[in-house]
Structure formats: structure tokens, C-alpha cells
Amino acid sequence: MSKAKITTKKKTTTKKTKEKTRFDGRKANELRPLKIESSVLPNADGSAYIEMGRNKILVGVFGPREMHPRRFAKPNEATLRCRYHMSPFSVDPRRSPAPSRRDTEIGMVMNWAIEPAVFLEKYPRSVIDVYAEVLEADGGTRTACINAATVALVDAGIPMRDLVSSCAAGVIDGQIVLDLGDYEDKEGEADVPVAYLPKLGKITLLQMDGILPIKVFTDCVDLAIDGCLQINEIQREALKKKYGISEEAEE
Amino acid sequence: MASKSGIVSRLKRRKIQEVLGAGNRMDGRALDEYREITLKTGPMEKTSGSAEVTIGKSRVLVGVKVQIGSPFEDTPEKGVLMCNAEFTPIAHPTFEPGRPGENSIELARVVDRGLRSAEILDFGKLSLIDGSAVYMVFVDIYVLSYDGNLFDAAALAAIAALKTAKRPVHTVKAGVITLTKKTQALKILRSPLAVTLAKIGDTFMVDPTADEEEVLDARLTVAFDEDGNICTIQKGGSDGITTEELHKALELAQVKAAELRKHL
Amino acid sequence: MASKSGIVSRLKRRKIQEVLGAGNRMDGRALDEYREITLKTGPMEKTSGSAEVTIGKSRVLVGVKVQIGSPFEDTPEKGVLMCNAEFTPIAHPTFEPGRPGENSIELARVVDRGLRSAEILDFGKLSLIDGSAVYMVFVDIYVLSYDGNLFDAAALAAIAALKTAKRPVHTVKAGVITLTKKTQALKILRSPLAVTLAKIGDTFMVDPTADEEEVLDARLTVAFDEDGNICTIQKGGSDGITTEELHKALELAQVKAAELRKHL
Amino acid sequence: MSKAKITTKKKTTTKKTKEKTRFDGRKANELRPLKIESSVLPNADGSAYIEMGRNKILVGVFGPREMHPRRFAKPNEATLRCRYHMSPFSVDPRRSPAPSRRDTEIGMVMNWAIEPAVFLEKYPRSVIDVYAEVLEADGGTRTACINAATVALVDAGIPMRDLVSSCAAGVIDGQIVLDLGDYEDKEGEADVPVAYLPKLGKITLLQMDGILPIKVFTDCVDLAIDGCLQINEIQREALKKKYGISEEAEE
Amino acid sequence: MASKSGIVSRLKRRKIQEVLGAGNRMDGRALDEYREITLKTGPMEKTSGSAEVTIGKSRVLVGVKVQIGSPFEDTPEKGVLMCNAEFTPIAHPTFEPGRPGENSIELARVVDRGLRSAEILDFGKLSLIDGSAVYMVFVDIYVLSYDGNLFDAAALAAIAALKTAKRPVHTVKAGVITLTKKTQALKILRSPLAVTLAKIGDTFMVDPTADEEEVLDARLTVAFDEDGNICTIQKGGSDGITTEELHKALELAQVKAAELRKHL
Amino acid sequence: MSKAKITTKKKTTTKKTKEKTRFDGRKANELRPLKIESSVLPNADGSAYIEMGRNKILVGVFGPREMHPRRFAKPNEATLRCRYHMSPFSVDPRRSPAPSRRDTEIGMVMNWAIEPAVFLEKYPRSVIDVYAEVLEADGGTRTACINAATVALVDAGIPMRDLVSSCAAGVIDGQIVLDLGDYEDKEGEADVPVAYLPKLGKITLLQMDGILPIKVFTDCVDLAIDGCLQINEIQREALKKKYGISEEAEE
């Protein structure tokens, strides 16, 4: 039975129905348990640890620092350089430690998701490295990486226009649900990861794989943005806990 | 796909934005207008299927090969689809020979994800001996000339090559695989086509040129199947878009996808 | 692990030696005193076994995965142990992403040699079908933070992860391997633990920090089993040691290994 | 039955006998259908497309341009840098896109074949890149690449001493034949690719694999040179079609 | 094998040409004269066969290993020959450790093509189980010292090593391969030997030194079998040769090949 | 039967017992046949060939020469750079020519073993390359490489504080024996390679794999040092043969 068949049939019923309970007992619009902690790495300029469901991810920020080789430096702004990497034991079966094409692509979309939030123009010719290490993966790693990277950037004292918050929504058995875990991810008809800048009202990450009518897709985006707003609060809490007040970090 | 921070890029951007301010594009096109598109299927004889697409001065050749190989460990009874993209150094002065860069990896991944999420093939029917011998479908995207919008050209060429591909037919008797002289179409179940929009300033336009890609703020690629469903989305570029912009962009893309489909 | 020839290193060395001259270390520790050690087993659910060790600000996570694979050609009826170390770029500003460097290769090799020469596993019992399917035990050392003495942290984390690891259980019938729902402990036969000493000038000290490693003259890593036997030795650093120094170092290391063992 | 046995037996009869017809109906001294077109790539400084039998090859020329890194630049002349590359689908079965040792060797011999024809001394410190992409392969790809590369160099406005023309001859069933296609290539006793500068009377590519008496080998070379002269005319036509007159491009 | 465009090379070239103008070579040899050649077979005990050749100060060691492996897909019932060349960094100050460069690839390819086109082995007899187990003949060319003319030294060492090689003998019963204690010669059917000529200005000479190779205009390597047939030709260098020059060169090469053969 | 069991049982009897004869007929404290020759490579600044048992190893020294790229140069001393490499045919079965992790580790310990003996401070900013090529391997290759490298360094005219001599001792069937060959290596309970500077009384290489009580281990070290001293004499002979007198090379 193909995905499209399901989603097309259920088109009329996919309006954030919240009756069915999910694999892990969550409601359709409920996030997985989320925990963010900043300043967790002694040698990084900024860092954060996130648990989002069973995802366990460390992000370290280094910089602004000098770009090597210098000819890659941008004359008017800093270069943001995101790297996404998974530990060999983060998934089953074990994966090779060499970067995959998927890793490269996720590094690119992380970069695009975060760049609009950073005052890069304050650090011409320099580089800001954001290294995300996925220690354990449970679906939605890219959104978790973006959430942690944002907190780590603030932790590094880098001035931000806004906090980037990221979350996916998807469709399972015709129902739109928030923040899919990996059991759901594999079963689901579609997955829509989104990153959002609440102050600026901008979507900075948007991907989708699956088969969805436009309306269902945009409903997914709306639900994912709802999730982002919830996560934004948690990010602020994590920073407040560390700094007393998070506002100054956002200008 | 160069950096937009250099002086040349900034001058280029200023010029493009000036013209856009008057509702025009550098090459005189309307914002929702594609450049000329050509599609030729079957140019390569040694493939199972092939197609060449030009969109303006961009040119992409896709070759499909169907061969016997080993299945993946976690899907022992299924055939395999592999997408690969090569930015040949003849395509643009800035393309260097060597290992695939980020942009060619993204291109291959987006086309691959499009084909996969549209479930274009019944992979369960592409196994010869479960666990040890299945058909491998290689889709090689060969970029021969670059002037922007490789996503749409590659997605169109890929599906056109797949739809016209003929795979070898083998018989299996007592665990022995024998090649027959027959061939058979791949039976493509769905045909996703990609439409790419660029946002420069606050203006959206379809089918960006290399110059427009160099200076764009955001890029949105949407693949649609024949029923108008979205199969894949990829946002690129270092600016965000609002939900309103997204809605308009999706509507425009859906219309353009239907237009593109006429070439198939 | 930077070069000790730069100006910064030489100033650092002078300072460290001054303090050592008075019998002290920069962080106030005694020469034979470890920093605070923590060990947590099982932090990673998707592994067969895992352990995280911190020694001061150094932090090492080890994940163990047990999977089916092919045996080595020269030991067709034996399981396989593979150690790998990754210096993640979040561990230190000087660590760059990319291929494993010399230091991570040495770390993986020393831990690997320690486990192997201690014969921690009865590899003959880890074969499912001789010659074609055996259990592969992957030990991945993931360095999350570097402040010296990765050898001791990695060796402790590795053996702690292995001792708590549960491997899948398969049945073999007529050449067909079937996964059961059972798991079973790996049966670790011996538990080697490493103790690293640094020599700066004529002074030996245990558990060197990153600064101490940067300026050290010689480094001696000794792994002991639970009976106090030596399992592996690795001398590093570009100065030699006398036999008298060696004897004293071994005695000290043996005492410290017994202390370390309390964390296991 | 080994190759040498055949060729030795047939030694007396291998004098360009033209009785037998070939796999594809050609005469012994007949070229495969040949088509060359120049200026086919919009972004290259010069380019050419060749079909030689079923070979389909695109060549792009870039330069003269600055050499990076500069220490590899030659103080008194330009560096010619030929690259031979095959598409994954050019052969059966599919090949890896990574360059093979064969590719590297062919790039080297292309370089040597073409260098003597180029006024490299006019562009000290610079580099001229010649990239050949084999889209479909049908025996004799290296000769086809050289033919197309020459036209592409002229198309790029690079002054040439002569047009390099290239063709193979070989021995099949004791008969010397011109311009072997891939069915013949695999069956043949020997293959002798040659590149020739007609004005200068110089052989600039010469390779051979097989087992041949000297006399048969030199007969092959002679026949291959005949082929080169025919190809030279076709190259001139291709350039004339584009530029009206090709002579100026050759000084 | 350095570039001939540097100042040092141009001075060297002027000097070599001056001397050639008087009919001489820098080392006093005649144009058709080889340097001293030595050949030693069997220096390496752990190989199936080995040979070391010196030509003047050039020195090449070839080790042959015959092992069981998988056949190529398109020749399932044939054994496999693999040639590899390594330019060790001890051979010349300009050779750097690391990946094989262009020159070592060309050397391996030319020797390999020579052996292959001379059909030195009956590959059909080197299969144990068609499609799955055949003998692999590895010919590893190890360049220990470079002073020009590696082609001739490597070709001579390769065939000498192959002619004296003894492969293991296995029995096959019911699909099971068992190693016996017997060994057996490889049965080399033909012995191609390479002769290399350099052209500097209008002068041809055999056996070029490193200096001569650095400044040469053209290089011609011709391999002959024992009947005087040509097996392989490779022209190098960035100048052409006329057909007259070719004829003379081939005659000279044929004579020299016969001389070289006395060393075999 | 595990190693530890053996060695623990035999602990009392492992005092350099010399009764048993070894696989190759040697006594427990007897070296394998050893031959060192210097100045064997025409293009190296210094070189040596060693046969130690069936090990056959060539070492070439290049330098002191300029370091590339320059930023890796040390301002106050030369950089010593040892590389250990095995020919594909040095072992059975054939190995890949690509460097293994073991090769990398041995290059590192060779460096540490030799560095203390070299007056590196005499050549600031330069590099001394020591390349060891193992043509045939027979157990104890690293010790043989160090012995040959030392002779090659003296041959290159590089001033040395001392000659580094290296040898292993190990335990087989409870007996401590000197300089294990590869048959013994695989059977043995432990192998202890040592490098020693006799004048300075310093151990500069020390590794061990196996399971040994401290006392047995230090007995192994003592026996290995005995072996080093014997080898030191042979190194001096090799140099004397070449230079008449070796003392000047050591200051």
C-alpha cells in the first residue's frame, strides 16, 4: 500500500486530529521530553547538550576565530561553518565514522537554518565553527542539532538576532503529529523538519520527504512552528538558568 | 554557486535588484517564466536508459544502468536505487575536477530523496535471490553545463531516463542466475518533477540563472507528483521565508510543475 | 599534544618546571595524585554496552556494538575485536574535523593492544559459522573533551563498557542464522587498566593534564590486569628513561592501577 | 590460440589486404563515421563535441588562466593539463566515477600528444586546462579525445603550430585495419593508437598492445597516419564551418 | 622526472646537448650503450618469486605473490594478474611518501600492459572454482633507487621474478579448497623485455639517466618478446618523432632487447 | 590455555634459563644473525641496509633540508620525521601498499626512540627525514629499523649524542629469550622491544604486549638491553668499516 494512497484518502481527516494516542503515548501536538543544558564543554567557546526524545547530542562552538587558509575568509562578515557528525555507535547497526553524503547535506541545511540569526557582519574575515556530535540518534537529529547549536552560540557570547528553534511535524496513519521519534519516522508517511525565528517570523529550515497534498503539508508546517515556539521557551529557560537573563544575548 | 560576499557578487546583486525593482529580470524573463527547455531521451546507447535536459544554458545528462548487485543488509529482499551527481569541470570555469563537493552532494541527495519518497519503483519486485542478488538501479547525473537551476533539470532528466529505461531480464533456477536476451521496462509508478524558486530581496522567481543563484537570499525546491502532491522539499540559502511567502511559492511551484510535466 | 617547541610552550614549560621544583603541580595536585574520576556505565541505549569516563576535564565516551560479520582470513573460526578512536573537534580547539591523526591512531592502538594481549574474550566462542559468520565486537572511543591522559580514561571506559555489554544471541540451523530476543553478557575474562605517567625534567607524575603533556619529556603508559600483571606498555615522548626510573615508575603505576580499579 | 601465433603466421598476408569486410561493413582502411562540432559548451573558453563511431565525447578548454598554486607555474611557458574522464554510464558495466589508473595514463599521453602543437611559450606562468569527458565509449576513446581537444583549443583561440589528428590502426585476423571499434578492439590481435602533426610530420602519440612483428607494426603506423590525415581534413572542415577559415588559427 | 622548465634544468640541458653535439654522453657512454646491469633472482624468501635489477644507479625490486582471490566479473573462469608500482621515498630526494603519482602509475601500467599483451600466462588454467576462486598473481614493483630508465629495469625484474616464481598448489573437492604442501612453477609462456630510448634534440640514445630523462624531448619504450615481436609500445615526452626516426629507433631497440635478454 | 596462566606459573623459573634450545637452535640470550651495511643508496644523504634474522630493511636519510610547508618548521631545532613502511610482498599474505595504523604507530615510536640521540638543535627550521622500507619482515622489524636508521643518520653526517641500539626480548614457554623471530613472535607469551642509548644509559623505546609479572618484565628489559649492547658493537663495526673510525660521528 503506497504512501500517497493513504494520505490522499485521509486528506479530509488530517486536521490535527488528536484522538489517537501515539506509540509512546504522546498526543498529536506534544513534544518529546526535551532537555537543554549550556556550557557543558570545558574547551569550547560555547556549548550545549540536548536530549530530545532519545537523541543525545553535544554541540561545541569555536570562534569567532581566524580563518585558515585566509583566502577563504569573507571580507565583510564571519563565515559560519556547521558540521554534523554521528558517532559510530549512535545508530543500529554501527556506522562508519567517515562522513556520509547525508551528513554533508545536514551540515549545509544547519548552516542555512542558523545563519540568518547570527550577526555575522560583526566579525569580518573570521570563522565561527559549530560542531554537532550526535552521540545517540532517535529521529529528528537535525532539528535537535539546530536547537542545541543556537544555545551554544549564545553561550559563546556571539550576538544573535533571534534564537533559532527547530522541530519537525509529520503524518502517521493520516494524522498530523509533532516531533516524530525514530519508530514513527520509519512508519510515517512524511516528515517535515522546520526551523523558525519567532521574532522575525521566518522559516529558515524546511525540508520534506513523503507524499502530501499542499494543504496537509502547510498544516504540518504550522504544527511544526507551534513546536518551535514551545522549544523557544525551553531554550530561553536553559539560557536563563545559566545567565540569569537571556535577553541581553539577543540584542 | 560562488560566495556572494565578494565585490563582484555585490555589484552583480545590486544590478539584479535594480532591474527586479522594475519588475524585470536580467535576461528579460517574467518572474514566473522558465527559460527554454529541451528534453531528449535515449541519447546514450550503452545505458539502460538516458535523457538529456537543457534549461537555458544549463545542461544535464542522466544515464541509468540496471545491474545485479547485493541488497542492503536491512532490506534483503528489495532492489536498490543509487543516485550520484558529477559536476564535470567542463560545465563551469569554477568547477574543478576531483571529489564531489557539497553542491553536487546536495543535488544527488535531493533528486534521490525525490525519487525515493515518491516510491517510483516497486523495489520488492526487483529481487532475484532474496538476500544475495537484486537489481541495482544506478542513476548518474552528469552536469555538462551550469547556468543555474540544476535541480529542476536533473529531476526532469532522471525521471525521463527512468521512464524510458529497459532493464535486463534474468532467470533464476536452482540458485543460478542466467541472463536472457529480453529486456523489460522499469515500471515507474510515479513521476516527481522539481520546481525551484529563488528569493532575491522580497521577490520570488522561478528557474534562477547562475547569476541569480549567486546572489539569492533563499532558494526553495519543491517536487510534485502527477496528482499535484508534494514529494520533496528543500530550502536553501541563508535567509528565511515567512509562511505567507511559503504559501504563494507552493502555489506558483505547483502551476509550474504542471507546465514542466508537458515536456515529459 | 601540540609541539613543545613554540614560544608559548617554552614559557609554559618553564612555569611548570618552576612549580615542580618546589614539589608542586600547577593544579595543586601531588605527583602521584589523579584528578577526580567519574565513571558512568550504560549512558547510550542503542549500543551493546557503553561507558563514559571523566578524569578532570578530559571526557571519553566508549560505545560497544556487537554485530555479525566475516572473520579474518587467518582466524576463520574466531570472533573479531575492532578498536577505533575519534578525536571529536568539540574536545579541543586544536582538534580539527577529518581523518584520524597520529594521536588518535596511537590511542586506539594502545587500547586495542591492551584488550588483545589481556585476552579479554574467548574469541573461539564468538563464531557462528566458522569461516563466514562471527561476532564482531566494535569498541569505539569517542573523545568528547581533552585535558590530557586520554589513555587512562579510554582504557577504563573501554573495559567498563565491555564488562556491561550484552550481545545479541543468534541460533544457527542448517546454515541459517536467526536472531533471538535474548541477549547475553560478553564474558570479559580480564580487565586491563592503564596508568600513564609523565616525566618532566627528572620528575615523574601520574595523570598528566594537557599542559603537562604538551611539555613532557617522556610518557609511560602501563596497563595492568587484576592480578597486577603488566598487559601492555607504551613509552612516548622524546626523552629516554633509565632502568631505575622504569622500576620506580612501574611500582607507582601498579599502585595507581589498583586505585583506578575501584572505579570499575 | 595465442595472439602471436596468429600474427606470425599471417605476417606475409598482412599487407593492408582489403578483401575481407569488417564487423560493421567497413573496408580495412575506412574510418568510422566521424562528426566534430566546435563551440558546444557555453561556459568553456573553447570546446568541441566528437562522435567517432559510437564514441561520444565532449572536450572543454579553459585558459590560458592563472595557475594555482603559483609555485607550479612554469616561468617561460604555459602548462598544458589534459584530463581524461569517463562518465559512469559510458561503459558496460557501470564504472566508478573515481579516476582509474588507466584514466591517469591516458591524460598523460594526451598531454604529450597535444603539447608539441601548442605555442605554450606565448603564455608564461599560466595554465591551459583541457578536460575530456567520455559520455559513451566505443574503442579508440583516446584518439577521439585528442581530435576533439585540438578543435577545442583552436576554438579557445589558442595559437597552434599544427592541428593534432589521431587515429588507431590494428590487426584483426591477420588483417591490418583502420580505426577499430570496441567489438574489434576486444577481438583484435593488436591496437596502435597514433597522433600525428601533418605539417611537422611528427608522431606525438604512439602506443601499442599486442604482439606484432616490426614490419606489421610500422604498416599499422602508416595506415594510422593515413587515417590521421583524413581526420585532419574533417577537423579543418569543423573549424571552417565555425570560423569561415581555419588557417588563421594555426599561424 | 622533474619539470624541465626550471633554470637548473635548462642549464643541465644545455650542458648535455653540448656534449651530445660532440657525440658523447655525460657519463662517457656510447649512444647505444647500456649502463652496467645486474639481475638477482629470489632475494625475498616470503614471496612466490622475486628479482632485483640494477641498471647503473637505478635499482628495482619486484616481488610476486600468488594467492587465491575472486575473479573479475567479466572473466569468471580466469586467473588475475595485478601490477603495482611504488616509488619509495628512499629512491630519490624528490620522491615523497604517499599516494602513487603519475609516473608510478605509468610505470605500473606499461609493465602490466607488456605482460598482458604478451599473454605470459594461460589464465584459464589459474581458476580453482570458476566464478569464485582463482589464483591472483600480484606483481609489485618496488623502486629502491632512481637514476633513470625504470621501465627497462622493472620489465626485466618483473619477468625474471615471474619465471622463477612458484605458486602454491591447492586441491578442490566438493567445493572445498585445500592447500597442499606442493608448489609449482607459473609456466611463463613469453618473456617481454622493454628497451627505452630517449631523444634529446635530434639524437636518440638508449638507457637514459635521470638527468637525461629530465631534459629529454621524447621517450620511446618498446617491449619485445623472444621472437623479436613487439609486445608493447609507449611514447612519452612532449616532442614528436618522425616515421624515419621511429624505424631507426625500433631497429636499435630490437638489437638492445636481444642483448638485455642475455641477463635473463 | 591463557597466556597469564603460563607466565604466572613459570614466574619462578623465568630467570634467563638457558637450557632449552629455540626453534632456530639459538640460545636464549643469542641474537639472530645480524648484518648492517651503510651508504647503500646512491641518492640518499645517508643510508643503511640491515639483515636481522630474515628481516631485510633499507633506511634512507634525507636532510637536514628545508621544511615544507614552512609553518611546520620548529624555530629552534630540526624536526625528525620517521616513516615506517612495508613492501606489499614483505609479509604473507600480500598486504596493501597503503599505510596501516600499525605503520603510523611504529613511525611514531621510531621517532621517539631516535630523537634523544640527535643534535636536532644544530639545524633549526629544517627537517630530517628517515624513511624505513621493510622489504622482508621477520619479527622485530621496528627494532631492526631503529638500528639501521641510526647507522644511516651517522652516514648522513648528522651529529649524534649516541648510537641508538634496539632489540626485543620476550617470553616463550616461560623462558625469557632474546630477539624473537616471527615464528617465536606468534607463539610467545610476550614481546618487549627496547631501544637503548648506552652512553646516556637511557631507554628510548619501550613497548610490550602480553601478560607478565613486573619482575619478569624487567628481566626482559634487562636482557633486551644486553642485546642492544651487542648490537651497538655491530653498528660501530659497520661504521668503522666505512669510515675507519666511528667516534668522530658521535662527538
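Going in written order, the chains are labelled A, B, C, D, E and F, and every chain counts its residues from 1.
The criterion applied here is as follows: a contact is a pair of C-beta atoms (placed from the backbone, for glycine too) under 8 Å apart; a residue touches a chain by one contact, two chains touch by 3 or more.
Being a predicted model, the structure only gives us computed values, none of them experimental.
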item	value
Intersection of the contact lists for chain B and chain D	none
Any chain that touches chain E and chain C	F
Most distant chain from chain E by Cα centroid	A
Repeat of interface B-D, chosen from D-E, E-F or C-F - more than half of residue-number contact pairs shared	E-F
Greatest separation from chain D - chain, by CA centre	C
More contacts between chains, E-F or C-F	C-F
Centre-to-centre distance between chain E and chain B (centres being mean Cα positions), rounded to whole Å	47
Separation of chain A from chain C, taking each centre as the mean of its C-alpha atoms, in whole Å	33
Centre-to-centre distance between chain F and chain B (centres being mean Cα positions), rounded to whole Å	57
Touching two or more other chains - residues of chain D	93
Pairwise touch network: line, ring, star, complete, or other	ring
Chains listed in ring sequence, where chain D comes first and chain E follows it	D, E, F, C, A, B
Touch list for chain D against partner chain B, complex	41-45, 47, 54, 56, 58-60, 62, 65, 83, 85, 87-94, 97, 129, 131, 133, 135-137
List of chain C residues in touch with chain F within their complex	3, 5-7, 73, 102, 105-106, 108-109, 113, 116-119, 189-190, 220, 225, 227-243, 246-247, 250-251, 254
Chain F contact footprint on chain E (complex, rising order)	43-47, 50, 57, 61, 63-65, 67, 84, 86, 88-93, 97, 100, 138, 140, 142, 144-147
Chain A residues within the chain B interface of the complex	2-4, 7-8, 74-77, 93, 101-102, 104-105, 108-109, 111-112, 115-116, 190, 192, 197, 200-214, 217-218, 221-222, 225
